[in-house]
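The structure follows.
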Amino acid sequence: MPELILGGARSGKSRYAEQCARDSGLEVVYIATAQALDGEMQARIEHHRAARPPHWRTVEAPCALAATLAAQAAAGRCLLVDCLTLWLSNLLCADAESLLATEVDALSAVLPQLPGQVLLVSNEVGWGIVPDNPLARRFRDEAGRLHQRLAAQCARVTLVVAGLPLTLKESS
Amino acid sequence: MPELILGGARSGKSRYAEQCARDSGLEVVYIATAQALDGEMQARIEHHRAARPPHWRTVEAPCALAATLAAQAAAGRCLLVDCLTLWLSNLLCADAESLLATEVDALSAVLPQLPGQVLLVSNEVGWGIVPDNPLARRFRDEAGRLHQRLAAQCARVTLVVAGLPLTLKESS
Amino acid sequence: MPELILGGARSGKSRYAEQCARDSGLEVVYIATAQALDGEMQARIEHHRAARPPHWRTVEAPCALAATLAAQAAAGRCLLVDCLTLWLSNLLCADAESLLATEVDALSAVLPQLPGQVLLVSNEVGWGIVPDNPLARRFRDEAGRLHQRLAAQCARVTLVVAGLPLTLKESS
């Protein structure tokens, strides 16, 4: 059953998700949504990569997340997607903007059918002042809606604060 | 007893409050604080209105919230105020700025005396970087102070994250 | 054992920490990290000071927090540090920027050895949209990393929302 792991920037959500993946005892495939478009982003990607066990396979999925999950999921395997907010951001910036609704629907449709374990990491971005920038407002609306939709589908939802997990949902 | 429902943007707090109102089994009056000053705001208002049951009565209260609550509250009735942050924003932007302290005091005074059920929805806005804009800083200070003050008066306070309620306070 | 008290702007985290200090029954020393660099900051400092019991001693530690804690800590004494985010901000703005890593390491090293009670107040700042400003991005990264590191060292971690404490960690 899929799990959603939410948290602010530098909340330790990625580290917590990686610990969950390690603890699963399953083969781990890391689904990276980041694109190294500038030096700062490249540095963040390297920082995260260096913290992961070297035997984890990495698959890049900047946009086609549903298709990548469908292709990679298997019984006895744990897919760790880090993170949904960058994926949303990639879709919003893509030339074909209608891609976003299609890809979000595809993710929502494929999620309940995936074998094995799936961990979805995402950023909370809507707890500040309304941004001046219309694209930023659109982004936080899309992120918020995505989190609500996926949280309803996930068996477990965790909010990470200062590296500490707070359980928001746990289906028995 | 009044209830305070907090959450970030697109956290599902309005939907959660509407579900609480439905579950109450009481006659619901929706107290709308939004003003349709531009197209984006108008679209948000329509989006929210379309999601509500058509038999709920809507009363607009962009500024005079305490007076509206006093006039509308009744045993067997549930008032749903959505949302306090827009009301604060309206008061901050009003010509007579001293209105804000007066209206906040009036709300705080009337709240414990209202018959029936009252649900207050509000946005958490203070979890980001300090805004450059002095008005935005003032706004998040006022919102934070208002939340503290009302939370102390409410029987129940809930934080909504990704559509999931987290109980912060529950008086027995 | 040290305690970490987190919250957004105007969440009531300072007031909550002050209540904890009062409830400890210990002699309280208030460690102030704020610097009154402008009128708005001066007003905030005065506002906080007026809310504290007059017999609490105040020690200023805008940068040298670890040394101040080591000098002030004593059995039967409660040190209340308010707040870590201003201290981080002071270090980031200091001429000698390498100070930050040194001071953070020093705080982390001294913390488990301090006698008496230590309450650390800090702001959550990473729950909004990624800031445009590179210094703001750096700041929220440093704040997030600091919170993770200190939370792992603290016996108790509390998130304050609307004046209400939510326990994130409690070691028995």
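Think of it as A, B and C in the order they're written, each chain with its own count starting at 1.
Just so we're on the same page, a contact is a pair of C-beta atoms (placed from the backbone, for glycine too) under 8 Å apart; a residue touches a chain by one contact, two chains touch by 3 or more.
Protein identities per chain, from UniProt: A, B, C = Bifunctional adenosylcobalamin biosynthesis protein.
From a predicted model like this one, the values you see are computed outputs, not experimental measurements.
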| item | value |
| --- | --- |
| Category of the chain touch graph - line, ring, star, complete, other | complete |
| Residue-number overlap at the chain B/chain C interface, same or different (half cut) | different |
| Superposition of chain A upon chain B: rotation angle, C-alpha, nearest 5 degrees | 120 |
| Chain B-chain C separation of Cα centroids, rounded to whole Å | 31 |
| Multi-chain contact sites of chain B, meaning residues that touch two or more partners | 8, 124, 126-129, 140, 166 |
| In the complex, chain A residues that touch chain C | 8-12, 15, 40, 124-129, 131, 133, 136, 139-140, 161-164, 166 |
| In the complex with chain C, residue positions of chain B that touch it | 4, 6, 8, 124, 126-130, 134, 137, 140-141, 143-145, 147-148, 150-152, 157, 159, 166, 168-169 |
